[in-house]
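As structure tokens, the structure follows; a few thoughts come after it.
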Amino acid sequence: MGTGVVNLKIGHFELELPFSDLRRLSSAIAPYEVYAIQGVKGSFRLSSPQVGIALNGYKQMGLNALRYEAALVNGTNGAFDNNVEKDFYGRLAFSRLFDGFLKSVRLGGLYYKGMQNLRDLAGNPYPTAAMRDYWGDEFSINVHANPENASFYRWGIDASIDLKIPDFSLGPLPLGWSINLYGQYLVGHDDDIDMTNMNMPYFGSSGDAGGGDIHKSLASHDPDWLTRPFDYSGGFVGADIIVLPAKFYLIGRYDWLTASNQWADPVDGVDGAYVRPAGSASWLDGEIRRYNGDPMPRGMTSNLQANPDDAINSLSRISIGFRFHFIQPVTLIYEYSSQQNLWGFPEPPPLMYNPDWVAGMGRIVNVDSNWHMIMFMFAF
Amino acid sequence: MDKRSKLRLAGVGYFCLLTLLQAGGGVKGTVTYSGKVPRLKSFNMAIEAVCVAKHENDPENYPARSEALVLGAGNTMGNIYVRIASGLPEREWEVPSEPVVLNQDGCQYKPHVIALQVEQPIKFLNSDGVLHNLHTIPEENDETNVTMPPFLKETVRSFEYAEGPFPIKCDVHPWMGGFIAVSEHPFFDITGKDGKFEISGLEDGNYQLEFWHEKLGTRTADVTISGDETQTVDITFSR
Amino acid sequence: MKTVIRLLPVLGLALSTAVAQDPPAAQEPDLVLGKKVYLQSCVVCHGISGKGDGIVAGNLLVKPRNFTDGRFKVRMTPNGKVPLDSDLYRTINRGMGHDNAMPAWANLKVDEKNAVVAYIKTFAPKKFARQDRAKEIVIPPRTAATVESIAEGEKWFTAIQCGKCHGETGRGDGVSAPTLVDSWGYKIVPPDLSKPWLFIGGSEPVDLYRTLRTGLTGSAMPTVDGTLTEDQTWDLVNFLDYNFIRPGRSVPR
């Protein structure tokens, strides 16, 4: 972030987000959820570094200041996008300084518009060229990768307020709290986070499961891509409080995310069939297995087969903690987080086209999580 | 104003003062404290052996305690700065050439509260034979911070502007704290442990008396002087 | 060359007549520019009204200077006096050491620095009205750093008990170091004398001399004015220089 009116960035950089992941006082295990969310593995993530070119700047006019960034980028997660369509990121923020208790207010907005072909990125569970070769040579299955680009966008508004409580003493402790209150609201939409060939993950959905028949039926199947859009909105509000400068900080944050349109689409193109039907098969532990019904524990998603509206579709997390630099080299960090529902995001093994993982991906699951983190940091 | 005209004015002032002293009335009284007597914090002087020894030899004052509240028999209050806050004529007052003396003794300021006139010399003594620094933190006057090493037994300073009591501290010995008041006129006093004060040489008129305590703030009282009678004003600080 | 020399008196005459006819008006400080620079570069720490309470102030252990009561650390004026414009300019230009949030603003243009000096003075008009009475101290030529001078300086270092704060070995670990506070009650630390890059007033011999003679108003560092003579102060500077700041050099005899 330059202080000039016009600065040019070329290369691999983090987008100038309202609240950089790098400035977080809280720990790495409690990231800003709306920035970190990915529809599926390999898809776009706002907080990831991008490759591209950006113009940004900072223009001060007395107590007011304007900050902007406009970027053309093409690639995330350290990998290049495989399309030529460039993504656009824009950000504009206005800030004003005040005298007294209220120190400053900043209001801003961001917009990201992108195109991405999710289906052939390295390191994700979707069929890569190697996978296609493997399935084709070994089993004569014609695994397709959808060549179409999917578009997506994000927009958000943010605010940050700095306050300073006048100095006071608590016994021998001279205190003067500096408080930063901040909040972000973000809306995201992906046209299609899925590569699923309508029939691909569900071997033998006709009931004709197992053996070479499956292979034949799939090999002869024309790819008919299922489009699965993903919509979410959410944000975070938090406070960083400096109790003793360079010594003691308090951190508190609330994150929330609602996925209004997640994986609750009919599978196999059958209305009402939101989970895998009985008698389907999948690849697991090196062999094709038959399943009776939903491979995901029903409690995790609630019973989608009965009613997609019952699906659990929101998660929230509250994090509180402190950082205490109590003697020169030692910093003590403590943080407690309590999360209601997780983003289902299993890690796939490489080169494995496993419908189970695909099925478990990109939705909110009913698993709660609470954690304490205590960390001693030695920094000389 | 140059020094010579100041001197001349001082001379005139002195003459006036003499007349006043012969003819003036006065005000006296006692300051008392009411309320719970707090336990004052004691000082750990371990870093300065000389001062520890001085206090050990004086069992009555050992361990040395904060002088924020000094009470005599009957809860009379010491260290109260009493001054005429208003009602005095506009005039240049005579400045005594005799210095007031502030001693650094046993790592404490003696006296704890001292008052003097503008441009009146103040002599700082160092009877401890250790390093002190004279760090005054006034609002109007220049902040001064002067080294007072063991070999420097005294140094003389003065203040240019009148202002209410401001702190003096020693950075070497964090517990050392005192107050200096600079007055533009000679009508002030500081109570001793017996709580008594007396201000004399006042012309006829209505005056406002102000009593200052370092923690409890100020109290005021109005007094009317006529003839050469001495009025009595007693005041109570409570918390 | 000859022509130049011949022309010089003429030029001199021309200049002097110009001065005589049109005495240069005292240059009006450019407060508009000063304010602009202040709001751009200073305000985040020192605050809109100069009270040292900018947004960032709360994060800083060593607090930004409060400009409203005219107390400044690094000056050529005697203890307690307001600084000269050149003192403020110097501090802006050099910053206040490498462990302090005040950076060197040498990148500002000269007129910007002059303008911001003028603007800073408006925060304490009453104190800076006394500026004409604040005389610059005279720094006499340095006493040669001989073995004798250094020994003499060491004597003063011990006699004054500088070690009470700075530590007997100059490491900033004296018995009184943990309890030091500045005039506003904020905790401060005496610098390790062997780390001259931390010195807020600079670490050249002349800087040390100035710091010793004028003290650092607002901090715990007192002046030796009234305690040491000018020569004795130079002896002390020589000792500090050879013993802590640039040790290991051979001492001239």
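The first chain written gets the first letter, and so on, giving A, B and C; residue counts start at 1 in each chain.
In this section, a contact is a pair of C-beta atoms (placed from the backbone, for glycine too) under 8 Å apart; a residue touches a chain by one contact, two chains touch by 3 or more.
What you see is a predicted model; the values in this text were computed from it and never measured.
Centroid distances built from C-alpha atoms place A farthest away from chain C. In terms of C-beta pairs in contact, B-C outnumbers the other of A-C and B-C. With each centre defined as the average position of its C-alpha atoms, the distance from chain A to chain B rounds to 69 Å.
Separation between the centroids of chain A and chain C, computed from CA atoms only, is 52 Å. With centres defined as mean CA coordinates, chain C is found 34 Å away from chain B. Chain C meets chain A in the complex at residues 36, 39-40, 43-44, 47-49, 53-55, 57-61, 185-187.
Residue ranges on chain C touching chain B, taken from their complex, read 69, 71, 79-82, 159-161, 164-165, 175-176, 179-181, 183, 215-227. Residues 60, 62-63, 97-99, 103-104, 162, 164, 167, 174, 176-178, 242, 245-247 of chain A are the ones that touch chain C when the two sit in their complex. Partner chain C is touched in their complex by these residues of chain B: 47, 130-131, 133-135, 137, 139, 141-152, 155, 171-174.
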